[in-house]
Amino acid sequence: MGRITLQKVVKSFGAFDILHGIDLEIEDGEFVVFVGPSGCGKSTLLRQIAGLDKPTSGQIHIDGELVNDVPAADRGLAMVFQSYALYPHMTVRQNLAFGLENARLPKHEIDTRIAEAARMLEIGDYLSRRPGQLSGGQRQRVAIGRAIVRNPTAFLLDEPLSNLDAELRISMRAELSALHARLKTTMIYVTHDQIEAMTLANRIVVLRKGKIEQVGTPLELYNTPANRFVAGFIGAPSMNFLSGTILSTGADGTRLTVLGETQLTTSRTALDAKAGQKISVGVRPQHIRLAKPEENGISAHIDMVEALGSETVIHAHAATGETILAVLAGQHDLAKGAEVQLSFESRDIHLFDEAGLRLAGT
Amino acid sequence: GDVRVMWYSDGVEGQVFKDLIDRFMKANPDIHVTVDEVSYSTIKEQLPVQLAAGNGPDIARVTNLKSLSQYWLDLTPYLKDVDFWKKNYGDQMDWMRPDGSSIIPGFMTQITLTGGFANKTLFEQAGVALPGEKATWDDWVAASEKVAKSQQLKAAFAIDRSGHRITGPAISYGANYIGADGMPAPLDANTKKYLTDLVKWTADGKADKDVWVASAGTTYRAAADDFINSEVAMYYAGSWQIPNFMTKIGTNFDWVAIGSPCGPAACTGMPGGAGLVAVKSTKNPKDVAKVMDYLASTPVAKEFAERTLFLPSNKEVVAGGLDFKTDNAQAKAALNTFVKATSTTAPLALKLPGWKWSDTYYGALVSRISQVMAGEMSLDEAFKRIDSDIAAKVQEAK
Amino acid sequence: MTGAAIGRVMGLIDIPLRALQKATGTRGMAAFFLAPNMAIFAVFVLVPFVINFMYSMTGGAAIFLDQRSYVGLDQYRQIMDCKDYLDPNTCVQDGFWIAVSNTAWFVVIQVTLMIVVALITALILNRELIGRSFWRAVFFFPVLLSPVVTGLIWRWILQRNGILNAFLLNVFGTEPTNWLTERASSFAATIGVSIWAHVGFYTLILLAGLQAIPKDLYEAAEMDGTRRGRMFWRITLPLLMPNLIVVLVLALIKAVQIFDEAFVLTGGGPGTSTMYIVQYIYEMGFASELRNPGLAAAASILMGAVLVVLTLLQMAASRRNEKKGER
Amino acid sequence: MAHVLTFLTRRRGGSRWHWSDIATWVWLFGGLFIIFGPAVWLGLSSFKTPAALAEFPPALLPYISQTVAVEGYDKPLPIFTVTLPDGKKAELAEVRRIGIMAQMVDPKNPGTIIKVNIKDRTPVQKVSFETSNYTQPFLHFDFLRYLWNSVFVTTMATIITLAINSMAAFALSKYQFTGKNLILLLIVATLMVPLGVIMVPLYSVVSKLGLLDNLWGVILPTVATPTGVFLLRQYMLTIPDELIDAARMDKASEWQIYWRIVMPLSAPALAVLAIFSVVWRWNDFLWPLIVLSRSSLYTLQVGLNVYSGQLNVQWHYILAMTVVTMIPVVLVFVFLQRFITRGIAATGLK
Amino acid sequence: MGRITLQKVVKSFGAFDILHGIDLEIEDGEFVVFVGPSGCGKSTLLRQIAGLDKPTSGQIHIDGELVNDVPAADRGLAMVFQSYALYPHMTVRQNLAFGLENARLPKHEIDTRIAEAARMLEIGDYLSRRPGQLSGGQRQRVAIGRAIVRNPTAFLLDEPLSNLDAELRISMRAELSALHARLKTTMIYVTHDQIEAMTLANRIVVLRKGKIEQVGTPLELYNTPANRFVAGFIGAPSMNFLSGTILSTGADGTRLTVLGETQLTTSRTALDAKAGQKISVGVRPQHIRLAKPEENGISAHIDMVEALGSETVIHAHAATGETILAVLAGQHDLAKGAEVQLSFESRDIHLFDEAGLRLAGT
């Protein structure tokens, strides 16, 4: 019903090459989230799938059928545009009804679906307004509504919650999740929000400069990022990368130094590394804690403290000048300029070689 | 059957004509006549196209009778009394039939004659006597000039911007347009003499320059409004202006028709007029002939002339005398003056309306002479251009 | 109510059209949308256009093509027969060349002024005025008048005894002149009157264009501290460009085709100083006693050719602008 | 009064007068004077008698000479203000004029004739509207028939024009296909040719199609106006493509996109074209004139044309009928110009 | 230089009343963040300050001067629009330069400023493209750039980072913070992002339905929200509200029950509450933990588990049916349907009366 296969999809705008050969299989009913830095080609990829643009080369199959030449209207997909693209001359209700009328749904069915969407999106009060009379977030909700009232083969959602407040966002997220659970429709979802990506996705696709960096379940990406880029990109704030050197490898584990001072032993034995190799040691800010008095931590200088209430973010730099970010649970009375001892568990580290690739075996 | 008449009006004649037709239809219920009233430009510009395409009406009121003569129907076989037609309308029949043929395509609904009008009141106010019957163009220009000086008029006299209009005076000067072979002759000395005078009068401000200079090409421009507003003392136009003056001048001043001033050769105006002709492509020529017979008949023609204040062409009507339906004494007098002036019309003037090339000649004269008046070329150049324009046209028609 | 009915009809139309779209694809739909217009266009514009071209290759006085004789390029040759191309008077068809040069001047001056006036008027009518519909109607009003009436009104105003002179005499004590028999003033009059008559037309196009410019861009510009003058040059004008091009092209074309009102106003005079190309063609084709339809056709083809070149240049320019304008 | 004042002092934004506020009002009132002045004068002139129309210098208002019924005279006599030899002024009725002397009587004392030099008298005039300019044509002029023909031609032509031009413009602005530029060029190129020039060929085409003396012969040749296509296309270029993308995602057929998205968003341009089309078709003259030779098919403009003769044009009727025929178009304009309001196409986008 | 005072600002669109009398003083150099649910009037308020709309009533002063009638162009403010409102016909460079050229800055100065902004926003590569050729995030950055190249009296930023990826967002946040530190220009910032609000703001203004609910520093709002709305709105995921009853008040603290079972004693004594009063007990999800075996926790049924990598969000419901959200640090192996014992410290609770107002004394 909604299996989407991309084979070597390439897209160029004139001289600009945007997508460099995307290969991807999306199973029917899967919830796939695309993440990647701004401008990496997420929206472009979505447009190729939607059929709004034609790939410069490569093939797109939906349910096994080659759709390169099938117009967007016939692919049976629904899309939420990053720019909303609401019909400015129609009321919210008409915006929602348009797609349904095109599908020649009976009137009462249209009404029920709109009512349902309006409830879910909390836009019932605005049904007779035009997009120009709505706030940014309200417009975005209408854009979402326009997609969900339909029963598409697959949903394409381009940053659908970016303009919503936290509360609404959470409830919308839950609604989308429930929708997906209920309909079992394939969903392709672009977001910049870590939490959305982690909570909604069956699989996350990390894109970078028009290439796929890694595809996997959220926790796979979180726990075993394939490279520094993915490691840094998944998880917020992003992972700390500290310079390190392998001291020795062996059956009992691998010994390494971090920042030239701390010595660690990982229990991971099959590590494909040579003694003396320079590596990058990744530690998530959430895994860094204040060293216990008896511990031999990394001493760091605090540059900035951000108190978020439930946690406190510390920006610090080590003696080597490398910056370290630590997220400490709760509220802490730390001041800029203070010296702290930071520590982390050896099981929480990620090792990357000089090319940025994860050291095999971890 | 159905008969369609294409008719244009300058004044009330459309109304009169419809009355007459209505009466006809009452008497002949089997014939249905439709009158399509159109503008003159339709007659002049669209009718030729329609005729060429074979879509014309059955009867039309036309002025460029000669150039379209190939399309006219010969009514001879259908008429009740061919002799009546020949007798009463024969004189102008050549105007509307191809050279050398003897068909009867129709009749003139109206004869016009060019001629002058004088603002009698202005003359009186200036204390200048109206030049007499045999007065020449020079006399009239001189007298008007005096009036203009004393009454501070814009110009002494005005003449319509039309080749037809200046041809009357030109013939009075002795002009001849027709060559020995019947084709246009080059400008002769007398024509040149008249044109030279005309240009001089204009340059001097004696003739109203605006009328002539204000247009290019062959556009017709009348100076009637200048006369109506007492801006000129004398105005050379024609008999058709009488109804117009009657309504527009009213009691503002006294005016008289003066016929055509004399030149060295003659004292002639130019005849003209509109003819009602049957069209060859008609489907029921018999009915058409019936309508034509009715309209041409003496009582009808008489009534038409009397009510429209037009000069009739029907000899019987002329002979029987007319009682023009107006209580305006000046108009009546003027009409009579024109009727009288018919007698002094020069033979050439009578011939020109039936000459194929007269329009070509007129067009060349007007467009070039007004360029001279506007200072765009010299007279000599203009003479050359007139000859070459005409020659080109003759060439093109071959 | 009728809206609903139309909606239903359109819905019904949609059913076969969807099938068509299935069969032909989106491309095919482009052809479908073009078809009715192009069909009528071909029959009633293109075919006559081609016939007209054939006309220009024939001679004689006959009106219909089948009665005319083929003369090849003679008509063109005759038009182009000049001793000195810079002096119309040395040409055989001096009238044509005079008309061409008059028209060229007319076009340059009239189009420039017209666009400026239309733009200013549109900008003003685009402001929040009280009685805006009234003011729109005021400026549009002359478009409703037929050219003949327009020409006539202005002849009454401008002639020696017209209102303008009466006004000048009363206010400034100026001696009356006949504005229509002086070369410069009658030329200016044809320009002025044609602007008077048509500016409402172009104003309306520009007004619609102005209204299509998104309001938030003006707001952004205002936040950028933009003065009104710059706002016009940097925001309004570039974004109005597609419509400005419509106006430019149409104004240019209509200016070249100036005829009716100028003809009634000045008849081409004084002399031939306001005789424009269409008057020449018209007289040659229909009116004049010197009529020559073949020559008229040839003249119109030549005129058309020049215009096509001008338009090509404009379209090239507009293509650049379209690229610029895309969001 | 206060209303007028606020109306006049209204200006943009802040409390200060900007030069452009002043310029605006100068322009508007200048426009009112130059543009509307002649039009108003036209309206007033349509109530003048033929004599008053020919009069120099023209008067602003329609005047006619006043007359008075005087005892002993069958007809009413015209009244004049006369400067008597003693310098006094009096209103006398003129019996007749002989040369430069007029014979006049005092209406109150009709017995004695007073002789007056015509230079010493000026007619007493009053404003009077010559309504017969309007009523006469209605009597001997098949007004309702012509009106119906005009309305038919205008509405049909406008509807068809809007429909097919907008469709073509849609194709030319929102699709990419080969030959697009060629078509565009063709359309603009043919814009160039004045109707007068191709009239004869067009006439032969229409006559071959058997559309002579048929209102469709008037309608059809005008509906594929290149102007309309060009105008609409340029406007449609400003509609964001993203909205069309959105509609395609909404399963809209191309027809739906045209009808439900592009047409409503082009409303201002459509209104402009509708106004133009109505004005053009309503005022069309040359072409109907040549196609229609039967008066039962005449449109108003063609019908009106009967007042132009060879040697004489009956301006009083033409002006009056011009005013009458203008009324419907003015109404149409007032109705349609509402649609030329702030475009909203961009408000649907982020 | 940038003191902005709002007095009783009211705004209505026709029949819709959007702002109901806003009173607010913003000090020169302050960084104020507006938060509030979608459609509450944030953008509208910003537009009043900017001068793009005129308030229906009320007064706006900038630096003591009444500016109600001062056009936007003369207020000297810079704004980032929620809808970007980039000039579509200008390149990115021209978009940035436009405001500077308006101010008649010398060419080289313009170039430096653009270069600086381009570096900061990472848009250097796109300077010669037009907005239509940019991705959503790139457009947003250009919109920000257009504001920051200028030297305004105050910045108005309407959700300026909503379309950026997490990494860029953090760096942009830091840049904005640094910019503010350097320029000391007043900034008014609208965001839905909790972290942005907490880290950037000197003061946060919480809006709701066109009214101000609370104004205060981030931690003030976090720690002592004035009412249930603010408590729920600040902090993500939002605070749990559990039904409770006061058992007794006294000098030694207040005793209360939560969910009818757990009994707690708060040390806050001055509590303005009566015994038997029904209250709402607020606990942030981050303060809820799994009860230690010896503890007497609230037993809850797990509805959903969201594994975010660094933390795990548990959606559960208590026996009373009230839902409880808990954020547990780290990754936990909990399954839907399982029964857990949840617990929290009494110092972490917030008490609200039936009207939703914070119980005085806490």
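In this document, chain identifiers A, B, C, D and E correspond to the written order of the chains, with residue numbering beginning at 1 in each.
In this section, contacts are C-beta pairs under 8 Å (C-beta built on N, C-alpha and C of every residue); 3 or more make two chains touch, one makes a residue touch a chain.
In UniProt terms, the chains line up like this: A, E = ABC transporter ATP-binding protein; C = Sugar ABC transporter permease; D = ABC transporter permease.
Note that the structure is a prediction, hence the values are computed from the model and not measured.
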item	value
Number of hops, chain B to chain C, where each hop joins two touching chains	1
Touching chain D (ABC transporter permease) and also chain E, the following chains	A, C
Chain nearest the overall C-alpha centroid of the shown protein atoms	C
Superposing rotation of chain A relative to chain E, computed on C-alpha atoms, to nearest 5°	180
By number of C-beta contact pairs, the top two chains	C-D
Centre-to-centre distance between chain D (ABC transporter permease) and chain B (centres being mean Cα positions), rounded to whole Å	34
Separation of chain A from chain B, taking each centre as the mean of its C-alpha atoms, in whole Å	94
Where chain A and chain C are represented by their mean Cα positions, the distance between them in whole Å	57
Rounded Å distance between chain B and chain E, as computed from the means of their C-alpha atoms	94
Multi-partner residues of chain C (at least 2 other chains)	26, 63-64, 161, 214, 216, 239, 286, 325, 327
Multi-chain contact residues (two or more partners), chain B	44, 49, 53, 229, 231
Residue list for chain A, restricted to those that touch at least two other chains	71, 82-83, 136
Footprint of chain E on chain A - complex, ascending	13, 16, 35-39, 41-44, 82-83, 133-138, 141, 158-159, 162-170, 192-195, 198-199, 218-219, 222-223, 232-238, 284, 286-287, 306-311, 313, 327, 329, 331
Footprint of chain C on chain B - complex, ascending	44-45, 48-49, 52-53, 154, 163, 209-210, 213-219, 221, 229, 231, 359-360, 362-364, 367, 370-371, 373-377, 381, 385, 388-389, 392-393, 396-397
Chain E partner contacts - residues on chain C that touch it in the complex	214, 216-217, 219-227, 230, 234-235, 238-239, 241, 324-327
Of all residues in chain E, those that touch chain C in their complex	50-52, 71-74, 76-79, 81, 83, 85-90, 98-99, 101-103, 130-132, 146-147, 150
Chain D (ABC transporter permease)-facing residues of chain B, complex	4, 6, 8-11, 14-15, 18, 34-44, 46, 49-50, 53, 55, 57, 63, 120-121, 124-125, 222, 224-225, 228-229, 231, 238, 240-241, 244, 247-251, 254, 274
